[in-house]
Amino acid sequence: MEFFFEVLIGGLLAGVMYALVAIGFVLIYKASGVFNFAQGAMVLFSALTFVSLLERGVPFWLAFVISLAAMALMAVLVERVVLRPLVNRSPITLFMATLGLSYVIEGFAQALWGAQVHGLELGISDEPLELGGMLLSQFDIFAALTAASLVLLLSWLFNKTRLGLALRAVADDPLAALAVGIRLQRVWVVVWTVAGFVGLVAGLLWGARLGVQFSLSLVVLKALPVLIIGGFTSISGAIVGGLIIGASEKLAEVYLGPFIGSGIENWFPYVLALLFLLVRPAGLFGERAIERV
Amino acid sequence: MSSFNDTPGAAPVSLPQWLRLQAQWHGPDVALRHKHLGIWQVQTWAQVADEVGRLAAGLQAHGFAAGATLAILSRPRPQALLAALAAQWLGGVASLFDPLQPGAEQRPLLAALQPEFVLAEGLEEVQRLHMAQLAPKVLIYLDRRGLSASEAFVEALDYAALLACHPVDEPGLQGPAQHTAFVFYREVGQAIEEQRLSHAELLREGQRLVEREALGRQEEALAARAFASAGQARYLLAPWLIAGFRLNFPENLATRDRDRRELGPTLVAGTRETYTRLHGYALERLPLPGSWARRLVDWALATPSGLFQRHLGHWLVRRSLRDVLGFSKTRSPLLVGDALAPETQAFFEVLGVNVRHWSDSAHWEVPVQPVNTITDDWTGRQSQLA
Amino acid sequence: MFYREAGQFSTRYAQDRRVFALRQDRHGLAALLLVAFVVVPWLGNDYWFSAILIPFLVLSLAGLGLNLLTGYAGQLSLGSAAFMAVGAFATYNFEVRVAGLPLLLSIVLGGLSAALVAVLFGLPSLRIKGFYLLVSTLAAQFFVTWALTRFSWFSNHSASGVISAPPLEVLGLNLDSPAGRYLLTLTIVVVLFWLGKNLVRSELGRNWMAVRDMDAAAAVIGIELAKTKLLAFAISGFYLGIAGALWAFAYLGTVEPHGFDLNRSFQILFIIIIGGLGSLLGNFLGAAFIVLFPVLLSNLVALLPGGLVDAGQVENLQKIIFGALIILFLIKEPEGLARLWQRFRQRARLWPLRY
Amino acid sequence: MIQTAATHLLELNNISLSFKGVKAITDISFRVAEGEICALIGPNGAGKSSLLNVISGVYQAQEGHIRFDRHQRRRQRAHDAAVQGIARTFQNIALFKGMSVLDNVLTGRNLKRRSSWIEQALGIGRARAEDDRQREAAERVIEFLHLQPWRDVPVGKLPYGLQKRVELARALAAEPRLLLLDEPMAGMNAEEKQQMSRFIVDINRELGTTVVLIEHDIGVVMGISNHVVVLDYGRKIGDGSPEAVRQDPEVISAYLGTRH
């Protein structure tokens, strides 16, 4: 029984990471209707920038700020070069554009910082911690707390600030937002920057786990089923979805693995997401629009 | 060249006789094409002769006899042409009216003429007859659409229904060559003038054209806009029947330019309007002034001086321009009626299309007798004079 | 300006339906085929066959496979490589397990197996659209590669799941030489493209485009969405499967499941984006680009003074330029290279007039 | 109730429809006689389009049932409606923008297909002969609506008025018994409207197709229709001949009085 819970908790904490990436996704989708495949590349880029700076002896906070600035710069470029020219094109087109974008960012990141694996030490010991008869890694708990505080920060940002207001307006009805004088472009830039910031945090947590390397950009593939389950438009949905995916894939790996073979966590989330879709086509928290003809 | 040579014994003296001859000697050859339902529908000489025969029978059954006049108010369509031939087949006269002429001009004309036998293309034409207070004895329509509403429809006949009759075989013998084949009317001030064309005159003119232009069976002719004109009868219908080439009808006025390019006619019998319109058509579509393309075109269209300019200009511009306009196969570009404006003449000249002018020797006269009865002495006189 | 169209008209609908309505085009195609089948095998060297022509042809075919699904039927897919893998491994198994089965037949059977798998993963498309469908195709992508590595039966229990080509023999003549493999590929590709052209011009093709452009309207005019979509998946799968078999046996010779990973799927998606969605010609153009571009780039880099760009960076550079190009095309020419060609052709047919 | 003698092609009985609890249509019943032109009028949001969507099977009514010809039903898929011979056009044009005019019209005939897709792909069996028949039928529709000059133009490139006509052509190509037109003349100038009404009347007269149409232009409605049904806030407030409806005080107060 403990074992089950340990697996579960481990899974949930992995899910937190998925959730973090998925949140970045949701932000961008809400604000600009773009299904941003490049989110993974952003995670990689930000994390890579950060560690490479550390390795070059830049102090932690400065490195963090610089990486953040880099993400902001990227956001501006993306808005100028990609989003603006493609405004009111089909969602599919925008998606494919972000596919190209992810190539650019990945290529750029690796050209800039090299492709080798960078270790990352955030200075949190990974000592197991005894909690209610279960062993939990301190790092995991730290990660969970970081994620939680990040979510709080975001919800404050969106519900209390003018920016948040603007963003929600844009998300609800871009035209109306324009009408009341909200500058879409600016909102986009901000949102992509925030998404970059979320990506950075996610990148650091993952990086500290598995080392900062190319595979980071693949988390995006896990984020997709998360979004399917949570719905593209709901942050809380992204979190819940992330936890579900994380937990279920670990459990499946451990309990189903022995029967049908190891490595099923590669595809299990998708099958799960599919099942969800067939039952609830709009995800748990998503809104389904009636088709007007 | 012309099938005149391979005719046995006496040469045909009327249009219908030529038609029958073509059908006898070249039955399976293509006589007509009409772009309809997206493709060029084909009719052979045999089919044409048969249809005309049936029509004649149909008309006869409704009291159309030698000397009667069939007024035709229709755009260029095979059926209209065949109806005219059918009337002549019975020794009658076809009188063509152009529905594209403003109704205001036509109404008084029709009102004055009061033709007994009328073929109207469709609803609009029938309505036009009504506005002219026309009550023809026999009204034939080609397109029944919308007619069910109008009252004239009750006794009107469907062209298709007429074809049900059994063909009359002995065509056009009810009358000598001096019989009138076509009569055209126009209104000058208050007076009405007529122009009569006898079979003899048409055949003579046609024969002249056939020989001068060395027209053969392989010609492709496009019957475009000016259908209801003496020139068309002289320089398109008669040669068509004599030389036995193929007469083609475009899908409709909106598509005629595309259709002309598709078809690539070898014989074009156009009026001044035809060529002027084409000239304009080309000008408005040429590359915009100032662009390099336009400079190239202008250079190529400037009357070629050097060998270089002649050849390069030909391959780069003139050759393709000629093709786009549908003239790349045209051997005999004929102009019927008034002469062309010099710049238009020059434009086609440069493209290697030198439009040849055939003056429409029109004799407009005030009718000697009430127009809805036939007199032949005038046309007889004409034929003796020539 | 090379077109002389006057006098080319149809008196029957059959003539009007011809794929190449204009004589000039028909002659051009004939010449092209002549070159491809006679001149090239005669002149070409092994490097060109194995490194350029064969992959180019196979990728064109794969592009067509995806284009039928995405470009014509409007169903986005990221699982192309999976269906290629199924085709390759199925063909392989038919070859090793059924004695004396002719090569072409087992390739076709491979294609059919891929079609089956494609239909299976296409089923969700009956309920879900757009991005949601990506999940299904990605599921295919990951599940298939997993299954093929996991169960060694598929690779006939060979170590590390690598399969290698059977002797390529058609009607008794051996095609193992590069030229032979080229001809085998070329023949299959030509036949399948001819079939594809007929398909997209048939009722089914129109229904696909109808579903793509507006599925609500398509349903109202009586098009059966389910049947239409599933057929798109099946036929697309069939094409991709055969492409996979050729990729494995005519091009690489030996292949493992990870030769058909997600990147391959992306590659094929890029082919149709660059080449042109909803165009047959586009698949060739896109494939040619994808195959030639890296070669050109590396040659260019080689030209640069040594050390300016080191070999390791070339790959990154490639990625950047590729990604940038994708975005550029989506912005400037969403219909890809094929559209550029069509526009040129339109101008040429009307030259010197503008419209 | 009008023309009770005539055979009724379409019969709506107590149809009700609501989205997420919001009533769009409340208990509507009326009958459409074979061969008539029936106009649905009413202010915006009166539920006209929703009603059309119910008839053509795009929406499913929660209550009531529809009888078309002999088929009695509560809910049915759009496909079934098409099979039974109901064709329609949409308020905001729903053409297949990527395809030519001819291809769009041809899609309208997909239910007339008999040969399988394999036969068509390989060009064997009855496929070829059928291709000819389908093409000819499509061409007849194109001719009927005077679309020849644009046969090969992608519909996306056509002006609005023409697109409306192409959509009508696509519906007509299915040789429907009942034709539903959702604001066929919306956003057209007087000339275009007149031409379109001409077409609708011709379709009704020459092809004997029963027409149900939604139109705001009262002049047009009174001109071409011989049966008018008036809706307001999802309820039927008038039903009868144009003259009768024009007199009806309730209708006047609800609609005719106020221009929309």
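Per-chain residue numbering starts at 1, and chain names A, B, C and D are given in the order in which the chains are listed.
One rule holds for everything that comes next: contacts are C-beta pairs under 8 Å (C-beta built on N, C-alpha and C of every residue); 3 or more make two chains touch, one makes a residue touch a chain.
Since the model is a prediction, treat every value here as computed from it, not as a measurement.
J.: If you average the CA coordinates per chain, which chain's centre is most distant from that of subunit B?
T.: So the farthest one, by centre of C-alpha atoms, is A.
J.: Return the chain pair with more inter-chain C-beta contacts, choosing between B-D and C-D.
T.: C-D
J.: At what distance in angstrom does the C-alpha mean of subunit D lie from that of subunit B?
T.: Taking the mean C-alpha position of each chain, the two centres sit 42 Å apart.
J.: If you average the CA atoms of subunit A and of subunit B, how far apart do the two points sit, in angstrom?
T.: Centre separation, subunit A to subunit B: 76 Å.
J.: Nearest whole angstrom, what separates the Cα centre of subunit A from the Cα centre of subunit D?
T.: 48
J.: In angstrom, rounded to a whole number, how far apart do the mean CA points of subunit C and subunit D lie?
T.: Between these chains, centre-to-centre, one finds 41 Å.
J.: Could you pull out the residues of subunit C that touch at least 2 other chains?
T.: As it turns out, subunit C has residues touching two or more other chains at 12-13, 16, 216-217.
J.: Residues of subunit A that contact two or more other chains, please.
T.: Residues 293 of subunit A touch two or more partner chains.
J.: Where does subunit D touch two or more other chains at once, residue-wise?
T.: Subunit D, residues with two or more chain partners: 58, 90, 94, 135-136.
J.: Spell out the part of subunit C that touches subunit A in their complex, as residue ranges.
T.: So the residues of subunit C in touch with subunit A come to 76, 124, 127-128, 130-132, 134-136, 138-139, 142-143, 146, 149-151, 216-217, 262, 266, 269, 273, 312-313, 315-320, 322-327, 330-331, 334.
J.: Can you list the residues on subunit B that touch subunit C in the complex?
T.: 33, 38-42, 220, 261-264, 282, 285-288, 293, 296-297, 316-317, 319-321, 323-324, 326-329
J.: Within their complex, state which residues of subunit D touch subunit B.
T.: Contact set of subunit D toward subunit B: 102, 135-136, 139-140, 142-144, 148-149, 151, 198, 202, 205-206.
J.: Under the definition above, what is the set of subunit A residues touching subunit C in their complex?
T.: 35, 81-82, 85-86, 89, 91-93, 95-97, 99-108, 110-111, 115, 221, 224-225, 228, 232, 261-264, 266-267, 270-271, 273-274, 277-278, 281, 291, 293
J.: What residues of subunit D sit close enough to touch subunit C in their complex?
T.: 56-58, 77-79, 81-83, 87-88, 90, 94-99, 103, 106-108, 110-111, 113, 117, 120-123, 127-128, 131-132, 134-136, 170-171, 174
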